[in-house]
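The same subunit A turns up in both complexes below, where it pairs with subunit B and then with subunit C.
Let's look at the complex of A and B:
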């Protein structure tokens, strides 16, 4: 029965998002991009895509960081158009999507302040989608208590900080723990919110968020090898969601190397196919030819789920899926640009094409 | 252990109201039954005391009212998707007006039937009141109007949702439009069924005339 009233609030926006999705770069266009010899060629090829208006004013020797920044500007402009035209309840969903970026911005500002970087530079580096009003005030606080009581209690992230307040001081390890704890609280909250939105949003978003939770679980496990993070602390960082919750998570909390991680992952049918041929000791970018790393394979699986969400109409999942697909596309473009600018064409095909 | 656990003032008030009405109804029913006054609960007599004009006019207003609700609902469902899709793909705007037209046709069915029905309403100038034929006219206009109105409501919804799907698919791939239009045509036939049944049901009803 969702179809009869969905379009009242979100019909126009859904049409817009599907238009954005139709503008994603297809596989033949990616092939053209990989054939480019210089960054100027790349810029010329990108002039036929949605990025044209953002790239045309850049002066000629364009670096990959400028390319990445302009592409992100295009993404932000499109998302902000959606936010500006949204009313309740779709506006709340779009806000939830931005909380992930807010968490990254908050952690960036805290780290930068600890290392005494210039406030203005830090604010430039923040992701525009995660901007909230009191964010610049974060640069003055020093302890987590201080941060919370002066700045964050009024922000949308207030509820996620409850589990973090026990962290005493802010050193390198604790910052990552804070980031992961915040993200865990955010994912659980987002999942609960989506379940309240009714079918089909609930089931589509549930699949996507569960994959995200599994990906984070595996990444936390792999990144904690060789650090001083205790097994119990590691278990506390896993989101209480996903196919791996709770059995595989208790086992992943105890492992010490990649072979054991691989053995646990192989028990899940959907992840077993992903592990074929992955090389165990690489992170991203891969070693040896055209193999994709585990991270890239998770990305491909995420792309598949996000493409599938467009098969149904009248749900909010298309907004989230479009944003993720667009980010993947920007990652692909930047990868190709890096390979071109460094003249290392042998790994140029390690992108995950979307359509 | 029959306590009702209320979560809020509003659900408490609702439960209280429901309980009051239910107990009043039970009290009244038992009073009539047990004191030998059961005959007073006379549904048929009550229905016959309602003027046939009331039935006929209810039928006409349901006919046009529900048809227009269905048409409007369908138009906003399809229209918002067409607007959203046309921002990027302007070529879909003209072709997809067909979905809007199909929804509009549903309202036209309602208007036509309302005009046909209202032609049967005349003044009754008889001193003996309404005739049997008048009662039949009243009832048939009520149910005929309701049939037309409800089927047009559902038809408008169906055409609207399919129209929205057609617009979105057309924006993505031009070949898909005609295929989804076929589905939409099947959906719009539902309104036509309602029109036909409405005509059949009220076909034998004569104008209001009173006892001659």
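Let's look at the complex of A and C:
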């Protein structure tokens, strides 16, 4: 029955997003990009893509940070078109997607205020997809209680702050805990919301969100080595969903090095396959031309799931998947640009091709 | 010109010393290039991993100050040394304390600086470049075998959060290590110029 009424609400937008999907850079185009010698060459090659209008007015030489910003502008423009033309229930789904960016903006503003940065500069650097009305007032808060009671209580993030209210003052450690706790609450809430949307959205989004939860679990574990974060605090940051919940997460919370992480992941079939040929001591392409890191494998897996979501119709997962694929594409372009500008041609192929 | 400096054998020795110095300079330059190149690459990897929004100049602290400087002797410019601020505070004193709050006239609440050890306001210890104790590098903030782990309060890595990718830590380590090599390069360059001048004077003395 969903198929009968879906097009009435979201058929136009699904057509739009499938058109966006067709505009993603293909493997032959990536090959052309990797053969560029300078940033100007890269800009010329990108003139045949969806980023052309956003890059054409940028003066040469263009930096990689500018390239990243302009590509993000292109993504934001396309997503905002979807939002502006969406009605319930698809508009709520698109709003849910933006909550992740809102969390990042909140943390950016709090961190910048803690480091005595100018608030106007900070507001300009916030992600446009995560902007909400009371965001500028974040700069005056100094405790989590202030943060909640003065600013966030009327924002979409209010419900995610319940688990953060035990933190007192805002310092580096607490901000990191707040950030990851918010993302955890958001992921769990988004998962529950998608389950209520019914099939096929529920099953498609379940796979994608579970992978995201697993990726966050592994990243939190690896990044917490050698920091002040205690093992108990680390465990509290893991999302309560995913293939690693709860058994693997309980064990990952106790590990101290990469070898132990690998030993745990190898006991799970799908992650054992992911670990084949991975150098755990290297990260994104830093070790050599063909060695992949665990993070690259997660990116590849995520890309595969997001591509697969387009194989079905009449579900909302295509919107989320297109956004994630577009972000991966931007990541690829900027990586290629960095390798060109740093003349690291042997590592330029460490991107995750989409089509 | 003395007979000693105009002696062909002496000139030969000076020439060999110059060549050795050039070779040392080139070797050091090559190693520092490799170190810097890897550090910039690690930084790019960290940006890709954590997100370009999270590792950018936008997160630099507004009260950032240099934690490493190069002192140059006034009488002997070749006497260059890396001076590092090794101030640390105990984790036990800092934990749970967000610092005192005070209101400014503009209504924007600010945190006062955390109380630091008295060493921070004094001149830092002199450390000879090239003989740097690796354990004192700002990037090394953790020593798991210590009961009370100290945290470098001025560690720039904290600007980007507590859970930064390992590549960012590697990049920081690379940039910190390369500073010593730059000072060595400057000293070598100065020595090269001096040797070159001495050699030219010696050769001029033989032809006179």
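The rule we apply is simple: the second predicted complex is superposed on the first by the 354 of 355 C-alpha atoms of A that agree within 3 Å, B and C clash if a C-alpha of one lies under 4 Å from a C-alpha of the other, contacts with A are read in each partner's own complex, and residues count from 1 in each chain.
Here, a contact is a pair of C-beta atoms (placed from the backbone, for glycine too) under 8 Å apart; a residue touches a chain by one contact, two chains touch by 3 or more.
Quick caveat, the model's predicted, so the values are computed rather than measured.
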Clash-or-fit label for the pair subunit B, subunit C on subunit A: fit
Subunit B versus subunit C as contact partner of A:228, first or second or both or neither: second
Touched partner set for A:251, first subunit B, second subunit C, both or neither: neither
Subunit B versus subunit C as contact partner of A:12, first or second or both or neither: first
Of subunit B and subunit C, the chain that contacts the larger number of subunit A residues: C
Touching partner for A:262 - first (subunit B), second (subunit C), both, neither: neither
Subunit B versus subunit C as contact partner of A:108, first or second or both or neither: second
Partner chain(s) touched by A:236 [first = subunit B, second = subunit C, both, neither]: neither
Subunit C versus subunit B - closest C-alpha approach in the superposed model, Å: 30
Subunit A - residues contacting subunit B, complex: 3-4, 7-8, 11-20, 22-23, 313
Residues of subunit B defined as touching subunit A within the complex: 73, 76-77, 79-89, 157, 161, 164-165, 167-168, 171-172
In the complex with subunit A, residue positions of subunit C that touch it: 37, 40-42, 44-49, 52-54, 56, 58-63, 91, 96-99, 101, 107-111, 141-142, 144, 149, 151, 158-159, 161-167, 169-170
Complex contact set, residues of subunit A against subunit C: 64-65, 68, 104, 108, 111-112, 114-118, 121-122, 125, 127, 139-140, 142-143, 168-176, 179-180, 219-220, 222-229, 283-286, 295, 331, 334-335, 338-339, 342, 344, 347
